[in-house]
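Shared chain: chain A. Partners: chain B in the first complex, chain C in the second.
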Partner chain A sequence: MNNILPLIQNECIKVIKKKRFYVILLVILLLVPMFTYAQVKSAERNQGKFNDDWRLELQQRITDNQNSLGSDRIPEEWKQYRLIFIQQMQYYLDQDVNPNQPTGVNFTREFMNNAVSLFIPLLIMAIASDLVSGERTNGTIKMLLTRPVKRWKVLFSKLVTLVMFVSLIILATYAIAYGISGLAFGYKGFQLPVFTGFRINGSDVDVSSVHAVPQWQYLMMQAGLVWFVSLSVAMLAFMVSVLVRSTAASIVVMMAALISGTILTNMASAWTSAKYLFMVNLNLTSYLEGSLPPIEGMTLNFSLAVLGIWALAAVIISFTVFTRRDILN
Partner chain B sequence: MNSSKWIWRVTAWISAIATVVLVVGFINAFQDVNGSYTEPSAAEDQITGSTEEENPDMNNPDEANESEDNNDISKEPSTVLPPLPDDIKITAIGDSLAKGTGDNTGEGYVRRSIQQLNENGRKSELLNNLAINGLTTEGLLTRLEDQGIRYALEKADLILLSIGGNDLFQGSGLVENGQAGAGEFSPEQLVQEIPRASERLKEILQNIRQLNPTARVIYIGLYHPFADFQELLIPGNIAVSTWNHAAQQIINEDPNMVLVPTFDLFQGKLGQYLSSDHFHPNGDGYQLIAERIAKGIL
Partner chain C sequence: MSRTESDVVLSVDHVKKKIGRKWIIKDVSFEIREGEVFGFLGPNGAGKTTTIRMLVDLIKPTEGMIKVCGYDVNRQQEQALQYVGSIVENPEMYSFLTGWENLEHFARMQPGIDQDRIREVVEIVRMDKRIHDKVSTYSLGMRQRLGIAQALLGRPKLLILDEPTNGLDPKGIKEMRQFIHRLAAEGMAVFVSSHLLSEIQLLCDRVAIISRGNVLAVGGVQELIQDSSGYVVWHVSPPDLGLQLLDKMPECEVIETPSEVLDDSVLAGMSERAVVTRIQEEDISRAVHHLVSSNVQVLGVNRINPTLEQLFLQMTEGESIE
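Here is the complex of A and B:
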């Protein structure tokens, strides 16, 4: 056990020195200002309408959604989604709480809700996909494995490093999103209440268990779920990285899987067994928000179980393959 | 080598701390969604406190107040409408007519009348258009209990209301069968519907008045969309004018309510002013209604 720590240290320094992590930071630093700017623009456009009163605006949104319910052109699933949206917004109105108050914290929350199923996993992949296949591409894997260290220890150190960087990436994303959006919207809003605990029965929202949590706590819970998603994506990308020889191929495989997930969530409500695929279950934060799951019958525990099983299988496969395989060329 | 050591130390510590925070958050979220979350939060108290302070009357509408208000109104009827401010804030509520269904520009009489008003130098603006297609008096009564709708009505100086058309025509199956010639249409049934519906209209107007004691309420009277069907002309006329008369009588009770008639506008010119669904006005039809509304205010 003693000789594992130096291995982890070594892996860690490799990731940093290879500048992978800096690239990720750079990507976040470039993209978040874009989203912030878009938000500022849309806030500007809404200014002056509805007498600058969020209650009136929210009521109009409710009314517009109610009107669309009557149309036969709207698919049933959308109607259900809108019905739930209406009931939640109604609840916010009844409690006199603005759900969309423009603050840095609120922006961060919304941003992470949207980022959890594609953006964050992509960032994770940037590190995970390269971890093993990168060593193969440039041939350094031989150097690594000729040392008097057991193979599983080598792989394990890589895995631990990956977990560390998953946490770092999430932390960095939160910090940068908050830091930059705060410039535009102000840094306040940690104490604002957010409602959570909406339970969905068919198209009805059960508000009996709804409770308010201060936004900082909501952010923390959200981050925890984002972390779990990222971890399982990281494990899968790690497995692909072990199985595939080149980094490029491993990135393409994972990308295709993730993107197919976003397409499936939009289309798959009829194909119910798709819910056992990991990429449909990435949107864990929506359970916290209380929005309609993409496929009927999905709950937080279900998604956690699916992701957990996939991740566990990925780890097992990675280790068996890595310890047995011959390293050629 | 030295820098490597620092890199390792910093990343290790930060990631360790971050991981702990994230795990705590994850456990928290898991418990919260699964319902075992019990910790009372400060934010919860904060909200309930603030709602009680800010809108005490929104939460417990006074039944007693209502009858008092009505007594006041009937005791001292005034013939002159109280003046409206220059920047009128308008809330529209009601059925598809208020929504503007049938108008290709989507403006309806609400936006058109605001344009008319503003052409003459006013700065009136629309707060909310809360109209829902197919709304009946019954549906509107329940909607008036919604917090957001009450709020929008409270904030308005002028409330545009159109309701009743769906009670009269949808209830009798005319909208569905109208074009086909109205199979089992019975004028008796139509007229029978009116006392109950007008009772609800009275309740709606009273509720609005109770929410907003100073706003002017403009009610849009009904027209007869099926007057060009021979067999429907007379019974429909009777029904619509009975309804309009009932509405007028309710509105007479309140000095700051006005009924804008539309019956005469459409009666002879259905082909010209109705949209292709043969029920809602088209853009020109809405324009006529809007002009009437605006002229009454200017």
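Here is the complex of A and C:
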């Protein structure tokens, strides 16, 4: 096992020297202020409208949504989303808790909820998709594999490096989101309560098991789920990177899969066996919020299992192919 | 000269490779011994690179066995490859790292290579001035040298170089040749592939000639040359009479179209009136005597050893080299 560590060191040096990680940090640093600014603007507008009373604002949103339920032009699935949204907001109102208090912590939580299914997977692809196919694209795979090291060890060192950088990307996203939004909204809010444990039965929300957790605890649970999603996406991108010779092709394949997931999620429900596809299961954090899953029958455990199985299969395929394949070019 | 088994560094035993439905390598066998420069000669597409890839475990042979210092390359990669340094095709290194960082990278993949050894190989390939620059700024010649430095890191017993003089200028080629001879003199076995015949002649002790996935011949470069009868170029005056006399001698065969059998470089320096014949060594003086006694002046008699190119053309019955 001793000779694996220098290999991991090699892989880390390559990722860093290739400046991929800096690009990722730069992307986060550029995008987060943009979203923060949007959030500031919307907070300002609501302040003017409702005289800084969040109860009035929340009541208004509930009423707006209720009114739209009567309209024939709204599709059935949307109505269900809204029905559930109304019941949840009503619960917050009843408990006298502001669900959208503009704090740095709240922004971070919301940002991660939205980033988990597309934004963070894209950042991960920047590293994962290049890890193996990059060596083939520039021909260095020949030198890498003609050293006296078994192939599985080479691939394993790359996998470990990937897991480390995925974790680092998530940490960095949290840190940057909190750091920048805090400038606008303040750094407080770790102790504010958030409700979790909403159960959905058809279009009814079961609040019997709802409980309040402090924001920091919620963030930890969320981070765990984000990490799990990210790892499974990373494993899949890793497999594509093993199978496909060029980095560009590898990125395109993964990107297509992820975007098709977003589209399928929005089309929703009718095709129920689509729930076994990994890309519709990426929105793990929505279970924590208690929103309606994209396809009926999906639960947190179901999605964890689907992602886990896909990731495991990807790792097995990666190692099988990589250790046996002839390097012809 | 008797060779013992332990001298054999690389043995390739009836190796075959099928890709898709096609046999790319039909039957390749040869051995390389310590301190020997071994040439692997064949036209492009003959299977040179495929064979080299099998030697370093990038491709698994369909049949046959490759052993380095007694270890099976495909089953005991870690043991076998520790004795091998190689450049397969182009010396591709990480262009975003410096030369030194590249060497450190590959040094970490093998135990027992420290900073001193890296410094040593940098000196061997005379890269000390530019070693801390990014590889992306290197010329092809420098990349080639860095590639060799990488191959030498693990003090290999077998060095495999795929077309090592490709892309080098004449000075670089000469340096490379001296360098390879020096390594062989120190006891290393060097395997060099090339489609350039002159290169193999100047560089190698022994050669395997490969065409369409088959080894046509393996032997000493000199042996292979002596095996086939040589050509002789005559400069005589008057040329017409000389030609007539030579043509009538039974032991002498006049070649009507010398361009078919001789190298372009030989033809270029030959006068148009010269007569090219095929004649055995021992018959030459008799032929000279015959000419002189018939009042034909002999101005010059040049023996021309066949080049590997002719050899190759004979063996492959005219398949082109390029």
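In the analysis below, the second predicted complex is superposed on the first by the 328 of 329 C-alpha atoms of A that agree within 3 Å, B and C clash if a C-alpha of one lies under 4 Å from a C-alpha of the other, contacts with A are read in each partner's own complex, and residues count from 1 in each chain.
Everything below uses one rule, namely that a residue touches a chain if its C-beta (ideal position, glycine included) is under 8 Å from a C-beta of that chain, and two chains touch if they have at least 3 such contacts.
What you see is a predicted model, and the numbers here were worked out from it, not measured in a lab.
K.L.:
Given the superposition on chain A, are chain B and chain C in a clash or a fit?
P.N.:
fit
K.L.:
Roughly how many degrees, to the nearest 10, is the angle at chain A when you join its Cα centre to the Cα centres of chain B and chain C?
P.N.:
160
K.L.:
Using the touch definition from the top, say if A:115 reaches chain B (first), chain C (second), both or neither.
P.N.:
Neither partner.
K.L.:
Is A:258 contacted by the first partner chain B, the second partner chain C, both or neither?
P.N.:
Touch partners of A:258: none, neither chain B nor chain C.
K.L.:
Just checking: does A:314 make contact with chain B only, chain C only, both, or neither of them? Give me first, second, both or neither.
P.N.:
A:314 sits against neither chain B nor chain C.
K.L.:
Using the superposition on chain A described above, determine whether A:60 touches chain B (first), chain C (second), both, or neither.
P.N.:
The answer is first: A:60 touches chain B but not chain C.
K.L.:
Touching A:197, do we find chain B (first), chain C (second), both, or neither?
P.N.:
The answer is first: A:197 touches chain B but not chain C.
K.L.:
Does chain B (first) or chain C (second) touch A:13, or do both, or does neither?
P.N.:
both
K.L.:
On the superposed three-chain arrangement, identify whether chain B or chain C touches more chain A residues.
P.N.:
B
K.L.:
Counting only touches as set out at the top, which of chain B and chain C does A:217 meet: first, second, both, neither?
P.N.:
It touches chain B, and chain C stays clear.
K.L.:
Just checking: does A:96 make contact with chain B only, chain C only, both, or neither of them? Give me first, second, both or neither.
P.N.:
In the superposition, A:96 contacts chain B only.
K.L.:
Determine the nearest approach in Å between the Cα atoms of chain B and those of chain C after overlaying the two structures.
P.N.:
Minimum C-alpha separation, chain B to chain C: 8 Å.
K.L.:
Quick check on my understanding: which residues of chain A belong to both its chain B contact set and its chain C contact set?
P.N.:
Residues common to the chain A contacts of chain C and of chain B are 9, 13, 17, listed in rising order.
K.L.:
Under the stated contact criterion, what part of chain A meets chain C in this complex?
P.N.:
The contact residues of chain A facing chain C are 3, 6-7, 9-10, 13-14, 17-19, 138-140, 142-151, 324, 326-328.
K.L.:
Could you pull out which chain B residues touch chain A in their complex?
P.N.:
Chain B residues touching chain A: 4, 7-8, 11-12, 14-16, 18-19, 21-30, 32-35, 37, 41-44, 46-47, 50-51, 54-55, 89, 99, 125, 127-134, 146-149, 151-152, 155.
K.L.:
Under the touch definition given earlier, write down the residues of chain C that touch chain A in their complex.
P.N.:
Residue positions touching the partner: 19, 53, 56-60, 77-82, 84, 86, 88-90, 92-97, 101, 105-106, 108-111, 150, 154.
K.L.:
Which residues of chain A touch chain B in the complex?
P.N.:
Contacts found on chain A: 9, 12-13, 16-17, 50-51, 53, 55-56, 58-60, 62-63, 66-67, 70, 90, 93-97, 163-165, 167-168, 170-171, 191-193, 196-197, 209, 211-214, 217, 220-228, 287-288, 300-301, 304.
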